[in-house]
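Next come the structures, one after another.
Here come two complexes built around subunit A, the first alongside subunit B, the second alongside subunit C.
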Partner chain A sequence: MDLSVDPNLHSLINSTTHKWIFVGGKGGVGKTTSSCSIAIQMALAQPTKQFLLISTDPAHNLSDAFGEKFGKDARKVTGMNNLSCMEIDPNAALKDMNDMAVSRANADGTNDDDPLGGLLQGGALAELTGSIPGIDEALSFMEVMKHIKRQENGESETFDTVIFDTAPTGHTLRFLQLPNTLSKLLEKFGELTGKLGPMLNMMGAGNVDIASKLNELKSNVESIKQQFTDPDLTTFVCVCISEFLSLYETERLIQELISYDMDVNSIIVNQLLFAEDDQEHNCKRCQARWKMQKKYLDQIDELYEDFHLVKMPLCAGEIRGLNNLTKFSQFLNKEYDPAADGKIIYELEEKE
Partner chain B sequence: MSEISEAEKRRILRERRQKKLANGGASNRLNKITGQVDSHLSTESPLETPKDQVSPIISATETPIPAAYTKAGVNKESHRAGDFKDNDPQVELFKKLAELQGADKSTPDLFSLLGSLKDGMSKTNEPAVGQPQINPVDEKMLQYHDYLVNRLKAYTILIRWLILLPFIYMVVSSSYASEMFFTKPSNFFMIFTSFEIITMSIYYQALQRIEEKNNVNTLNNSSIIMKIVSMVPEGVLPIKDLKGKAALILQYQQVLSMFVTDICFVIIMVGIFSYLY
Partner chain C sequence: MSACNWVIATSLVFVTINKFLQYSTSYHASWMSKIIQHSVHKKSYDDYHKKLQERLELQEENTTISAQDNYAKWTKNNRKLEKLNEEIKALGIQLKSQQSSIEKQMKKFKLVTLTAPFIILKLWKGKFPVYYLPHSDMFPKIIGGVMSQGWLYLALLPLQILRGSSKVETQGEESMAIQVSVSLGIWLWALMTVISTVEFLINQLVFTKEVKKPVVIEEEKINIKAPNAIEEDKIALD
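Take a look at the complex of A and B:
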């Protein structure tokens, strides 16, 4: 029985079942580059399918990585017809919510002197909600739910796989926790509305069917929760560098994810120097750093023998733009061979 | 061995990964990582963090899951991620709210609130009414006191009648011409009154001793009139110290009734002895 694990993401890239792929790790390890690379490789490997890359990091990098501006609506990457990107802007989403509240108040014929209406005009709702901790993750999650809803209703372009370029660890974990928190909250809300229902109706909320709305939201959240914990539909790709803090945080991240029942089977070890195979451009500092990286690599090999451990090289230049990303991303599908592929890391196009 | 499918291989690998993290494996791995560089970072695994402790990475609490997770690969339905987030602070808040709604005993209702208020008021009002409240006496003590008082009363009457009876006999049997001080009929009422005053004084002294010993005011506890009077609030009637006055009247009434009883006894006995002799 062959249980060896490929040191690449070939199986994920060619997977036809995965619907949600999360890419995450410590800040500055190359999450965006990795998520873009996975998305490109998947789009190239499965040209008949549609892929969406969403950034849930409040500090978005997708536009910079591809060198073109993406917004809150999915937009195709120039040069690829089956890969779209979107960046959820929490502030814009909050402004939308505020505007909606204002227009609803106006439609109800609310008096202009109404103090609440005046506050809303000033964007108070956006400011208030914007200061709530975890609102970025909540909005990203809402966006995902909206996206699923639209797909179900056939209102928008459907995507077969959604790849999340997540924020650094803490944010991501809060995002992944949301379905659990929400479903628990909604459960309790359900109990409360059952008890307080008559009172709410007396208070004038009778025209809104709270119970049915909550049930609808609950079923949506439940379905997402179920999908996120199904290893055939959802997986998490950890990105790290071969250094102590990154390794430590990756291990904790993996343990947290497992505690959420999420599947995690791939680790990308980024920014490796492979100095001994690069005699031409060798230097003392590179040698020393590569020695340190090797020390942690040995530990990583030992700790993650059952994971797809993908070792990616540190390139000479910045990996920006579709061409550079495509060149770099090939090593996800077929592992990087320092001896044979060494020259590619010097072939990246310089962005002006 | 036969080739296994890709899905089967993934499942086996997943189970292997879970097994390595179970039974303290998760903390051991973190120990291994931090031990190599003498780091001071926490080696407490999110998988082994008790429910009520806060994880250093995120502010929500974690619960260990290996048992549930080992089933994960076999059965999709066993993916109950929600089970591990029972202690979210927001969820806890709503749980508490729901419990408050559900459990009647934890919610003080209006009646119990009024009840406790009433209790408090009656307690504070007692001294204000001006009742010279004797220490709380239990029912058995009162019964015992009543028994002692009644016994004293009975003995007093018996002794008095036993003394009066020969006296009456002597007075009646002796002739009208008797010159003896005690048997002289003209002296009878003086002697009888003096005897009554002495015996009554002795009786009240004995009663007082019993009351002091038992710490019970006989009048306050046994007389219905005293109970009714004590219910009248001070100031309603234009009489000062109504209760004290009522107690005095009752005591005079008691003395008078004893005196009248003795006179009745004397008259009856004089009648009987006069008939016989």
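Take a look at the complex of A and C:
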């Protein structure tokens, strides 16, 4: 019986069960290119389904990768009718929250002389909360909760699969820890409100039933926690380059994800030179670097033998725009063959 | 005479054991670990030490190999180390709880076999006359009363004065000779006080290091002169 794992993401690209796909790794290894490639390949393989690519990285790159502007609301990629993109903007989201608080204060009849109202008018809430560590991750998490709720309510513009182009490792791990942290926090809050709930409701909480709001939030968080740890629904694709520090961080990421009970079984190794098959442009430097990359590739093969190890080539130009991304992304579905596919890496269009 | 012998002998045994336990306090932890090593928890103890040894070997191996050149080996070792650390932590907690349960059992054992019987003996045979003073008028009446009755006599003295019946317990009234006894309680108290004093003296004379008299070195006066210091608070006038 052959237990070897395919060196491509064919099974993931054609998966009909996955709802959440995270793509992450060290900074500068090609996370955005890889997540765009996965999203494009999935959208092409399953044309009847809707896909959403969300960037949770505060330094967004999706707009640059596709060569068109995306915002905080999902917008379809030009040329694809089943792939949308959005970039979560923490500042805009916080501004919205601030505006909501202002309008609520105005609706309650608070006048402009009210010091709190005045503070909110100046966007103080947004400024204050914007400086809280981990707020980007929290907002991304809120976005996830919003989507789950929309899907549950059967509202328009629902997506079958959401692909996350995540921030570098540290941020992503914080993001993925949020369901657990929130769950524990809400449990404590639940205990408190059980004792002090009626009193809290009496003390200026107005018509808002704190206990029921908390219970609702708790059930949402639990639902996300459950979905994130279900290997049929959620998976994590690690992206790295064949260098020590990148591999070291990937290993750390994988171990952490395993400790969160998250499914992780795919690694994309980017920027490989395949110098020996490149007879036309085979410089000494490429040879030396390829030798170093091969050394680490052997180690990766030994360490992650039960993973889908996808070896992607370093292209001659920047992989920007839908056409270039589509050309490049085919090697996720069917592994790159340096001898046969070598010329494709020189065929990428130059984007202005 | 035989009754006298066993009461005093038992008291002396208790005192000796108590003192022995007091002097050997610093060794109790190592005795405890030896007990655990040879107790029913021997397996987890051996396992803990085996894992510690294994961790040390892995750490040594990881320091000798290059992470860059042997990345797979190095990472596998790190995975093993992480797993071992968790196992060691869990075993450590388990052993600690086992040790505290053994300590609790030992404390209970000491209470049942030593502390409680000694207290019972002191309460039961507290007024037991260890010996009699040669003359009844050797000490004032009150001291004689404390000696034969114990410290309780002093506490009850005001009551006895009020009742007008302050008298010293005497033994052997048939002989008509009033004898003052030294009770077991007082005798034990005196014995313990003597032992403590002897302990203190030996400790001070033998075990405490002599503190040498400090030698006073005369401080040299250092005069630091700033380059542009004003030597005298006077302004020279032409």
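Just so it is clear, the second predicted complex is superposed on the first by the 349 of 352 C-alpha atoms of A that agree within 3 Å, B and C clash if a C-alpha of one lies under 4 Å from a C-alpha of the other, contacts with A are read in each partner's own complex, and residues count from 1 in each chain.
Methods note: a residue touches a chain if its C-beta (ideal position, glycine included) is under 8 Å from a C-beta of that chain, and two chains touch if they have at least 3 such contacts.
The structure displayed is predicted, hence computed values, not measured ones.
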item	value
Simultaneous placement of subunit C and subunit B on subunit A, clash or fit	clash
Contacts of A:299 with subunit B and subunit C, given as first, second, both or neither	both
Partner chain(s) touched by A:276 [first = subunit B, second = subunit C, both, neither]	neither
Which superposed partner A:247 touches (first subunit B, second subunit C, both, neither)	both
Larger contact residue set on subunit A - subunit B or subunit C	B
First, second, both or neither for A:216, with subunit B first and subunit C second	neither
Partner chain(s) touched by A:337 [first = subunit B, second = subunit C, both, neither]	neither
First (subunit B), second (subunit C), both or neither touched by A:184	first
Colliding stretch - subunit C into subunit B, listed as 150-158, 186-194, 204-212 or 222-230	150-158
Intersection of the subunit A residues that touch subunit B with those that touch subunit C	244, 247-248, 251, 255, 299, 303
Subunit A-touching residues of subunit B, taken from the complex the two chains share	1, 3-4, 6-7, 9-10, 12-14, 16-18, 20-21, 26, 29-30, 32-34, 36-37, 39, 41, 45-47, 55, 57-58, 60, 62-65, 68-69, 72-73, 76, 79-82, 84-86, 88, 90-91, 94-95, 97-98, 101-102
Contacting residues of subunit A [partner subunit C, same complex]	244, 247-248, 251, 255, 295-296, 298-299, 302-303
Touch list for subunit A against partner subunit B, complex	1-3, 5, 11, 169-170, 173-174, 177, 179-181, 183-185, 188-189, 191-192, 195-196, 225-226, 228-232, 244, 247-248, 251-253, 255-256, 258-263, 265, 299, 303, 306-307
Subunit A-facing residues of subunit C, complex	67-69, 71-72, 75-76, 78-79, 82
